[in-house]
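What follows is a single structure, written as structure tokens, with notes after it.
The chains carry the letters A, B, C and D, assigned in the order they are written, with residues numbered from 1 in each.
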């Protein structure tokens, strides 16, 4: 751990989605998509967020970049609260914080040529002269494994993997300090996925960008992230370094999650924890520890008392009564 | 032969696309022994789902068709059956579950009604009897509250529950062969573990054969007895699961196994297979993987390799192994 | 390994770049029905705008010596009760009917498009106001609304040469709310797409979002619904004119030519007076609809809704 | 569900309020009125009538008087019929209604049938043929179509009566009467049906084409169900659902369309009365009728939503 101030600090973030009930009934059901989550991301590291559907991982990513309003809490970028900036200040900050989307098919405007899609933000923010745009676009395209030759083409002419490269090029051309990548490889086939993962590794090495990497795939997260947070129903269950989390998971959910990942080795005999039941509906989460309905070790206490998210060793946090 | 449930021989299935006619399944042969799980693995567009749709006879005549081959199910060639004869087999002796449980059930009919349908169609039992059986099936796939579930609608249940319901429907008439097309791809990892577990134990209880189609090598390793790897409509390698994973022969299979990040086996750099899947509409006679292959030879670009038996029960279609077998 | 992937990507030849518009044109040209529609529409336009120059009767107008003639070699479609050549009048009426249809379409598309974009893009209170107005207009039955407006205007004694513009205006008042709703819902659904979220993440200016990202995606929709609304406008205009509330004599429109069927004698004995304009409307509208339908399929094969 | 209905009823208020403003001020803009139009009245009598009907008040005041009466259910007093507008509408609405109903049933029946067949036989000769017919129906001005079929079936062939609701001078009772009315109905119903059939058929066809592509249709086939069951039980039900909302546009549109057909066929219905009232500037009747249709539209919107909620379990259980 460095003593340097973190680049991103998320404090008690809450995001509730309400279904308003018209004139008389207000907020009939509230979905607590993110419920009091705090963590820090240090300069130059890649922080991973893992979780299943309904865990709120994408919502956190979007909230950090203010692509979405928040209900409560603070998101500090370099000490400034992102959600308190004026629209003009926010616009000036945008090039420094970028987003890479999950779906390579819908994240590119079908009617805009790839070169323009990558270069337009440079122009719009006045970050370079008009005549320099083409050469800058060419540069990032090459970094991302494409070439100049692709600039005048439309997105529909590219495969999924290539489009994801374009999405990455569009983000890095602005020379951001921080990138949120929301499931950037989950829509891709294995052989293509490996190419994109390696591209991310290369960017980490060469460009000193800080990443927030969001994924449901624990093996991808292990490969790319140095610190990882595990989310369940909008709450952080466990947070720690890669080594801590993968070799010695403390939270029963993390353990179950790790043991549920199929491993491509038919000879391997593992103790598998198969969780009972379904992921509860986020609109109606269980009381106490949200995991107690599926936890093999749940006690009476877990049903009523919300466990504290406490630091059990340096940089290692767990929310469980049993730890 | 009496032990073989399904025997597919030289299957050729074409689809009509904007880019032209493509051979989605190109001269594919394999068989499924009784009580075994055979996995078809491959990346998107390799034709693995088209194989399943061909077996089920569910390819819409407007979008494609089976042009050649035989599909022998318990000795009968499905391609020679009359339409209604094939229909009577579907959901009865062969059934299928799909990738998207959320959209695979009819949103306006109750769960119970949808489970009862194949029972009443194929076993000609009364509505009352069918309901009793449906309730049993709901219990069988591990959902409690059978009566309540029976009367609910698909949108009220989660993806994992719906996939269990799909399994209940598929098992309703005790099929001899279950085809599962990416049954866990749309599900969360903890739910995936549940469903795989369920499929495995049901298969064993009922001594059923299973054809599981997936892109996930992890899933294959967990459930398969025998593995078939497809690439661009062709079978490029097959073999018993342990041999194939321990000692893959085809450069594509090797690459796939190396390119996948595996938990607790982190490497600094992942192996990558360069390039991308070829366009099926513009293939020329060659090994279809040759363009991406690191061990590509001159002959790979000119001639398509045939699939050959190796000593240990594996079969591979690759020029690298051609001499080995002839020697 | 990484570098091998890069070089391969670079050398890989992609198919010839074709712009989206060229693709649309290719798909459109494959659709026989809409080509027939287009061809016929061109014929009607030539017939109405160029045709009269070849007619010897254009400037003759009224000819009392030659009234109510049945079709003959001189007058292919006969003459009317003032002795005017019906074929020539059919051409001149075509000019007016087509212009009214086109004008009404342009106005509806402009009003509906602009209001729909404002509604969908800025949301909030402006959206509320615009949509409530559209609601009210759509709650009122179209035909009675047109009738009232027409009555107001005829009482105001608008000079006949301005009549056709008034008719265009009326038709666009009835036509814009549907279009505004359509555009608005399209914008809302585009905003859900990741590429619009990406413009937000990139911090692009509103003007760029609007003109570079949204508008090009809305234009196909406007072209298609615009085309189809020309047909609707021509039909409404003919109805109004038939009831004497649209284009009024001496200006001819296809609708008011059919008015002659109101006379029992003309209706029973002189079908050449009212059947040809009816057929002209029918054929024009059907060609426009075929064209619009073909355009829709060509522009977006997935847009086939409604 | 109940809360939802209440909510929807509240949403109706601003719309109807807006509609009433628009209707009233449009009509008050129309120059001339019933009194001015009557040439036989003396100046004093005119002044008297102006006073009586409140024409001397400012427009805004007159609007509120009208609105107040409207809220009490009083649509005004028809000057031409010398009867309350509500009563006039009540007298004529039923003859319009039977034509509208007959045509509605016919339209839906044909549209569903044809839509399904052309969807499952997409791109066949039959599909193309139907498409052409549908386009033709949508491209024909209804008044012209009316004229043509009167000319063919009534004038030239003499098979059916040209207009009216009963044969003039006839004195039928019982079945004879019903038969006579039915004969007179055929042509107007035909025209009204042609008016609506195109859009609806196309709508069904697209719905059906969309449903056919759905995953659950594949599931139904994989179960080994008969093709008939797959199409009708699994397909049609889902294709019909969104069409329910169309009902809301249909009914008011049919009354609107009746203005033309009743005029052409001389059918003594509300549409014909509207045109008559129009020529003598019987504003209370005109406003009453327009407002009536506006209310009908809003109510059928509500009805359609409720029906949709009942028919679609996804909505039903949620509300």
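Keep this in mind: contacts are C-beta pairs under 8 Å (C-beta built on N, C-alpha and C of every residue); 3 or more make two chains touch, one makes a residue touch a chain.
What you see is a predicted model, and the numbers here were worked out from it, not measured in a lab.
Asker: Count of steps on the shortest touching-chain route from subunit B to subunit D?
Answerer: So the least number of steps between the two chains is 1.
Asker: Which chains are in contact with both subunit A and subunit D?
Answerer: Chains that touch both subunit A and subunit D, as defined above, are B, C.
Asker: Of all the other chains, whose mean CA position lies farthest from subunit A?
Answerer: In terms of C-alpha centroids, the chain at the greatest distance from subunit A is D.
Asker: Using Cα averages as centroids, what's the distance between subunit C and subunit D in whole Å?
Answerer: Each chain's C-alpha centroid was found; their separation is 24 Å.
Asker: Taking each chain's centre as its mean C-alpha position, how far apart are subunit B and subunit C in Å?
Answerer: Whole-Å distance between the two chain centres: 51.
Asker: As a quick test, compute the distance in whole Å between the mean CA positions of subunit A and subunit B.
Answerer: 32
Asker: Quick one: report the Å distance separating subunit A from subunit C, using the average Cα coordinate of each chain.
Answerer: 48
Asker: Residue numbers in subunit A touching 2 or more other chains?
Answerer: Subunit A, residues with two or more chain partners: 162, 195, 198.
Asker: Where in subunit B do residues touch two or more other chains at once?
Answerer: 269, 271-272, 274, in rising order.
Asker: Give the residues of subunit D that touch two or more other chains, as numbers and ranges in rising order.
Answerer: Answer for subunit D, listing residues that touch two or more other chains: there are none.
Asker: Please output the residues of subunit C touching subunit D within their complex, sorted ascending.
Answerer: Result: residues 33, 132-133, 135-145, 147-149, 151-152, 155-156, 231, 235, 238-239, 242-243, 255, 258, 261, 267-268, 271, 274-275, 278, 281-286, 289-290, 293, 304-306 of subunit C touch subunit D.
Asker: Can you name the residues of subunit B that touch subunit A in the complex?
Answerer: Against subunit A, the touching part of subunit B is residues 43-44, 158, 160-161, 188-194, 196-197, 215-222, 224, 241-242, 245-246, 255-257, 259-264, 266-274, 276-277.
Asker: Enumerate the contact residues on subunit A facing subunit C in the complex.
Answerer: Of all residues in subunit A, those touching subunit C are 65, 67, 90-95, 98-99, 101-103, 106-112, 120-121, 124-125, 142, 145-147, 149-150, 152-154, 156-158, 162, 167, 170, 174, 195, 198-199, 202.
Asker: Note which residues of subunit A are touching subunit B in the complex, please.
Answerer: 52-53, 159, 161-162, 189-195, 197-198, 201, 216, 218-220, 222-223, 242, 246-247, 256-268, 272, 274-275, 278-279, 281, 294
Asker: Which part of subunit D faces subunit B closely enough to touch in the complex?
Answerer: Against subunit B, subunit D makes touches at 122-123, 214-216, 218-227, 229, 233-234, 237-238, 241, 311-314, 317.
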